[in-house]
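The following blocks contain the structures, represented as structure tokens.
After this come two complexes, each holding chain A, first together with chain B and then together with chain C.
And now, the complex of A and B:
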């Protein structure tokens, strides 16, 4: 296996991990299977496109063509995507969590509402912006490094490093902050957390904003490789969902392992000549079905058993 | 009372009711060969009108007949485009009813419904086109394929639960789509099989007689799906699952009381898969072709939206939801993408406000009304010493309850009489001729129980020193001193007692 394949696999894995961890954390703490994660992804991409489009002349006037200008541009892109993702999280909180979180049938209803939001958003984006792909400015620049004889593109390296940094920060926040402690308590046992005085209503909002921001970050990073389009959220959503389930819902480590496995699987299947890109999803699902039949609760799915 | 106008009583006085004749025996129509009745007639006693009435305890057959009859009668008079919309509605409703059987009755969250339909449709179409099997046999090939496919899909359903199984079935649908698209024999038609023979003659296809024939077939298909739903739910299989549903969390318990409900669930799954196979063969014949879009996620989500809007797990919900969504999706085609947004918003709105979709709204409203009236009753009885309803069942002497209620109302009335003027009047003249209001208040005070009743104590060594005490109400137990104030005038003491009693009354 050559190094380019590994880098490509890691690139896929880091994006998938960002999506899957968001879905996984959200399910285990708040109890929503967030089908609107793809919508968050697409909206963040469009927000970044709009903001960078609006700021381009301003930045060019202020900084010219210096390295500082591209830094500011990168900041604007990532920042707007993250803010848009967090705002989407607030909308999901207001529609899919707040009105029904203490009503019967809550998980299924939350799933349905987020699904409805997803459909409405995709169709709304299609209606407003049309089906055309939109390219975002390349924040990592064009070019490649030569490492051990293989070439690594800047955007691939940037995506992998950025995803690792963001995931590290998120996990550190979950591990060391007070709010993170509350969220982890809710992930372990929602009822027990409520008995200890942790408000579900108050804790759900940062969780939704965090997962939304993770989806926004994924959108910003993926926009370096592919274009932004109204349906660009569907594939990351399906991948994120499948990986979250593969890793076992509620297990962050399982989600990371799942993302890496699926990333490598896709890279390898895509590289095999007689299979190619068309069989990637096919192979992924076959792999996941095989894993689920062997381990019905996913790779790290011991948590679900303890939750019951 | 000379005028003879009678007013109807009860919650729905306008409702028309059958009046049974007491001497006649009720004719009971039974399904031939069984002991089942067609309709659930019941003779009941109406406590409001004090009459006997014959009511239909389960009115669903009535609504089904009215609704389906309306569809069947009105469609032949519609324009051509609407006839095809109605046919599509019937096909979708049939799929949804069978899916409801899987999700609601069997409790298996499968997303492979359209995959089963598509797979059986494809095999039936291939048999017709490539092997030359005549079209009536497609209706046999379809269910066989559906049965086999369902059996394969059902195998992991006992092992995986909930979302994991849903994911697996979604994966199966995707695998089917990719498989069909990749088939070399079908590449020139983009994965579709066309030129399928059909029950609609070639010359009639897309003509009015052909459309009407297609609608008739689709309507029969819907009736067949409903029949399958009814048979499964009313026979032993459905009853077992209904019993087990209360203990779905505890599979061990259900099995301990002798319900092999995993097997029952699998049976329901396989039966409805076979029925979906029929739908698949019909679908292929109706369009004379089948394409990979049937495996697509969008189509699946549209069907899911139908079930959700109507109410997950109910046959009427599946049909009502199919009607609404099909009308919006196919009937308002000129609207463009906003119609899907409209469907999504309806879906979100229904889910936020309704617990079980539109068809569950009535039940939800009744629950709401019951809860609210309970809350009102609780608020009415919580104050003033009146007995709470729970408490009232424990009190043996019901006279006591009415005495407490009377006392409470009396106190409420007296509280409105207490004014500064009234107190001033008593202060001026504690004994003597009083106004009507004051006389009523004082009468109430005099009638009070002995326990904790305020009395004036004339202190022994001197003649003109008084203080206020409260008697214990128990023989042998001395009264207690209320406070350490002493009065030198008996009228002041009278007024002090009055004030204490007024205070207690206002606080009660």
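And now, the complex of A and C:
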């Protein structure tokens, strides 16, 4: 396996991890399987496209073609995608959580509402922007590094590093902040959390905003490699959901390991001459199904050495 | 003594099932009440109804004179965090622990009001004084602890609230007799500013300590059993 393949695998893994962790945290703490995660992804991509498009002349006028200009552009792109993702989280909170969270069969209802939101968003984006792909400015620039004789593209390296930073910050926040403690308590035992005074109604909002922001970050990073389109959220949603399942819903570490495994699997299958790209999805799902047959609780079940 | 808790005509259940039938109960400040009865006769449901964790409920519950009951058909647990902040501390049946959190983080979870959070260090020390076996386990994951240690963590989390009303559901459930006696001894040694209700099947653990022992049968109060002499 050469270095280029490893970088490509890690590039895929970072996007998948950002999506899967959001889905996993949201399910185990708030109880929503968020089918609108793909919509959040697509909206964040379009928000970044709109904002960078509007700011391009402004930034060009203010900074010219300096390094500072591209840094401001990068900040605007990532920032707008994250903010849009968090706002989508607020909308999901208002539509798919607040009105139904104390009604019977709430998880199924939430699933249906978010699925509806997802379909409506894809159609709305098609209606507004048309089916054309939109390219976003390359915030990491064009070019490659020479590392040990292999060439690593800037966008791939940037995606991996960006994802690691964001995931590190998220995990640190969950681990060390008081709100993070509440979220983890709610993930592990909802009843115990209620008896400790932790309200799901209040805690759900930051969780939805956080997971939305993670999807926004994933959209900003993926926009460096592929174009933004109304249906661009579908594949990340499906991959995120299945990897969250593979990792064992509710296990953050499981989701990260699952994303890395699937990233490498896809990269390797794509590189094998007689299989190639068209067998990637096939191999991925075969792998996930095989793992879930052997370990129904996913990878998280292997990591978990405590008992309920 | 002023009345801390006043329950009038409280009925509660889950779906079509009615577990509690028009219960009346008054708890005065400083009282420790034992609630005895067989499995399935409503002890746990009464404790859950006080924190709105039942499927549905109706009837009046007054805590310190403020109405916290009322009729409700949906939304189990929706009001529970608010009631905990108002001064009800619960150690639920089966402990409801967080398996992946350490003992200290657990206790911090219990300190939810602003005052409790500010005082959390002193309060954690106090819990460690009450349950000395927890002190060396401060950073251990609760999911790896024994049943007795988990019970202490669960009760400790309740004590972090320094609530007006403590509700403890079956503190001896699933524990070896020696350990359940130790847990009960710690509970009786507590200085309670408000009141305490302990649901318990083993009457011998209550006699001599509880101010009143109330029997429950088929969802109704059987009046004060008094100090039942056994054996």
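Here is the rule we use: the second predicted complex is superposed on the first by the 300 of 308 C-alpha atoms of A that agree within 3 Å, B and C clash if a C-alpha of one lies under 4 Å from a C-alpha of the other, contacts with A are read in each partner's own complex, and residues count from 1 in each chain.
Convention: a contact is a pair of C-beta atoms (placed from the backbone, for glycine too) under 8 Å apart; a residue touches a chain by one contact, two chains touch by 3 or more.
Note that the structure is predicted; figures quoted are calculated from it, not measured.
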First (chain B), second (chain C), both or neither touched by A:102: second
Partner chain in contact with A:195 - chain B first, chain C second, else both or neither: second
Partner chain in contact with A:282 - chain B first, chain C second, else both or neither: first
Touching partner for A:185 - first (chain B), second (chain C), both, neither: second
Doubly contacted chain A residues - partners chain C and chain B: 103-104
In the complex with chain C, residue positions of chain A that touch it: 102-104, 178, 181-182, 184-185, 188-202, 304-308
Footprint of chain A on chain C - complex, ascending: 51, 53, 74-78, 80-82, 84-85, 90, 92, 95-101, 105, 108-110, 112-113, 117, 141-144, 154, 157-158, 161
Partner chain A, residues of chain B touching it in the complex: 156, 159-161, 163-164, 167-168, 171-172, 174-175, 178-179, 182, 297, 301, 304-305, 308, 312, 336-338, 340-341, 343-345, 347-348, 351-352, 355-356
Touch list for chain A against partner chain B, complex: 33, 95, 99-100, 103-105, 108-109, 112-113, 115-117, 119-120, 123-124, 126-127, 234, 238, 241-242, 245, 249, 278-279, 281-282, 285-286, 288-289, 292-293, 296-298
